[in-house]
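The letters A, B, C and D name the chains in turn, as written, and every chain counts its residues from 1.
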């Protein structure tokens, strides 16, 4: 089938390639003319035969909003927009309503796969009406990994991004789990080969996983990670997961601890621990350490 | 080679079978005569040719201690004891010293594998002197899974149990990660098929793992886990992980949160939340709920 | 001076009384005619001489919004609206802008005091322009406790509710601190008189506080809190505190743990712990407990 | 009455002074001859009339153990030893048993008061037999603050140190509560006067406390705590509190989070966050920050 793809960055570019390898036609647009097949959204839309399917793969927030606004003007009733970016699930219903007013369908799709997706396939979680999803099914089939799993119709509009967001929240806590264990093993004298302990866990253990494999890969490059700073960004989806939990009164202690550990990792000095130090000094005369 | 194996419960019985399948001779002793090959520790020791290798697979604590005490009386210089149970790493050095006084070697070995070990192999983490480990290497090779990983000489005496303990701590937090994500997905209306979301994650995602596969198996049996109570025991190793972290001033927020969630799961009513309710009533006149 | 007061519930009614005791004129409106001085917002506004000061003390959200909408129609340029309810700080700027378009001033004011405020005074945290705050200063002075502290101009519009929200977040964690300590003391045999331990802490300790005094009052009524369920609501401000922390990448582990403990206290059974139980059964054959 | 006091450091020296001001005789021993009244434990014991009461106020662990060992040799049946140091509660029963074998009584006493105790009195929590506590009651009365509270017979031997330990655990979480709130207030632009917000909370709020007063004192010296590093030691009792919670399967999320925040504050770089950074790079190609 024919797909319009907007956004050809690290993710979008590889996705175009994987879809083409499956035999489909992809017309890609990007603000960067070096990678784009067409030079404007209008040209993209004009070059597709109706009913059109257009996949939006641009940064969440303003860029996605303006793309959807513009597509609302350019597309025709019966066409379909898929938001495959990292939009917050709460935006999806707004986008669906906005486009529904013009007879245009909408599907949200969370995509996991990172730099490995081109070769291994992209895990897809999508939300929307069954008839809209049916229109895009060949593309989903091209993108997903081989085998029975790797793609799911998670529910109504918004469910795709919600499921992907929760995936990332789980990812935060799994990474934190390995990281805590690694630090503890490194902290004791008796364990002399932490990297090989991690490698041994790849078979037969309860905690074997793809993330564990990656941890071993990282340790093979730098056994004690001496070359790295303990500094971790967060991409928004961990934050949204905690916010969704608060909205639903669901306790998420491990995921939230993992998010907070990232926040703390980015502080040169901890304001709250300054207050702890100040209080200890006030009541107990405990020594404080001067700021440099 | 020839091995004496003490303790033929759920784990030990299957381990005997797996070692025998690899062509070794195993003489097993258990207090339960129905499963035992010999009827006393003395008979076990007498039936092995020196230098002997004896694997202890009994409950941690008093049972392990009394077995090691007895073996110290029965074995000869040059023999080797392997503690493959779930002993706390701090016991290992004591046991090693106790046996070293009699010229008997000691290796501690953490074993992971549960009900899957017979078929798939047992992941092994062992600690001790290289020469002692060499004596048991054929047994380790028989027990471990196929392939390059699944067994490690983690370090000095105690390092095996320490590594296994940290494995379990990581396991706690990974399970908690999936469990938190599952509860959040179940809590929202838009996601209509949580089980299939979990299944989809088995391929192409960052969070694919053996534990995820098991989660899908569990959901296939009982889609919303309606048949279960949210009640989880803990086996000791999660507690020891947190204690080891405290000893080493290593922060373990996610693993500890996972342990505490289990503690809370076993309380019919939360004493601390009674105090919260009482305080809210005192300062704000907020309604309280009477105990039933 | 003269004040219009909208909302005469548990808080508003007592505040009217305290302001009157200080010699000011308060005209109160409430939907409940039994407590109201006037029968409509219009009558309230008409009965005040300009420039008017009107204090809104109604539930946050829709009730506050519709009151401010209506006041925007009824009031005149130069008048002032104070929102003393529990509005989210993000609403304040919207309300200020809405009223500024009509020449009406706006101040937000967080109020703490609960059932104790009438006698002891209400702690006030307000945000807005200095000239607007000056108009209401006699009312603030009447409401606040005796002495040097108890009221603050915290900053710009929104700062009052933000400061009050953080106050409540701190309150959550302080209550949790005492509650955790109480549960631990109750759990051990050696401490035979936990209530008296709490009472002893009222003097000379680092942890003496008004909340501690209230805890002792509660234990004097019910030594082991046997009459209460461990069930705690949350009023929204704890949630907003965590959301504000996420917006600002500030780690709040203790406050968030306190919020999550309340969420968990309201669950009859924990979905996430069902998943933990299910996973333990899958990999280890551990017994599960059937739901009743 | 007459008291032997061993250990005349920051705490012990001031306690000697407070007891003397109450009209009692105190003979103090310290390894530092500049502050000691006698030059050996033997001289101390010889200078007291039987039945003697000896208060040990030396560092927990080896120093306390060796003092108790020596007193066991020097004292006579019917004498009483009080351990007023920061011993772990698990040591108390051992010490009591050790001395009971010689007919010597034992009371453990947790002491709170820090640099403020001389003027305001020391909060005391003691454990032991009623008849032993009666022997020391005049000393407890001299040390404690004025008024009805400030001292408690908490229970059996060990209960005093246990109660003091829990006091410190609560203290950790209360300090953390204020510190988190302070950091959040400092993080937002709208709140322009965080110090005055804190000061305002001293009256009429739910969170007023002595620790809050100290926080204001600290902010009066250094409004944004720019002069301090966010580095906080821990004295052992927070760790023991968490260990006691683990022993008793009591969840302590806020207290434990507070302890872990201190651990993290002392790390120049976080090993676990290096692992997080490494994993993000492996699966997503996310940029990492090189160590300096």
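By our rule, contacts are C-beta pairs under 8 Å (C-beta built on N, C-alpha and C of every residue); 3 or more make two chains touch, one makes a residue touch a chain.
Molecules present, by chain and UniProt name: A, B, C, D = Decarboxylating 6-phosphogluconate dehydrogenase.
Since we're looking at a predicted model, the values are computed, not measured.
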Overlap of the chain A and chain C neighbour lists contains B, D
Check: interface with higher C-beta contact count, A-D vs C-D, is C-D
In terms of mean CA position, the chain most removed from chain D is A
Chain-centre distance (mean CA atoms) for chain B and chain D, in whole Å, is 36
Between chain C and chain D, the Cα-mean centres are separated in Å by 33
CA centroids of chain A and chain D: separation to the nearest Å works out as 47
Residue ranges of chain B touching at least 2 other chains are 114, 176, 178, 180, 183, 187, 206, 211, 250-253, 257, 260-261, 264, 272, 283
Seen from chain A, its contact residues with chain D in the complex are 10, 114-116, 175-176, 178-180, 182-183, 186-187, 211, 214-215, 217-219, 222, 225-233, 253, 257, 261-262, 264-265, 267, 269-286, 288-292
So, in the complex, the side of chain D touching chain C is made of residues 89, 112-114, 117, 120-125, 127, 144-159, 162-163, 166-174, 176-178, 180-181, 183-185, 187-193, 196-197, 199-212, 241, 244-245, 248, 250-255, 257-258, 260-261
Touching chain C in the complex, chain A uses residues 206, 239, 242-243, 246, 249-253, 256-257, 259-261, 263-264, 266, 272, 283
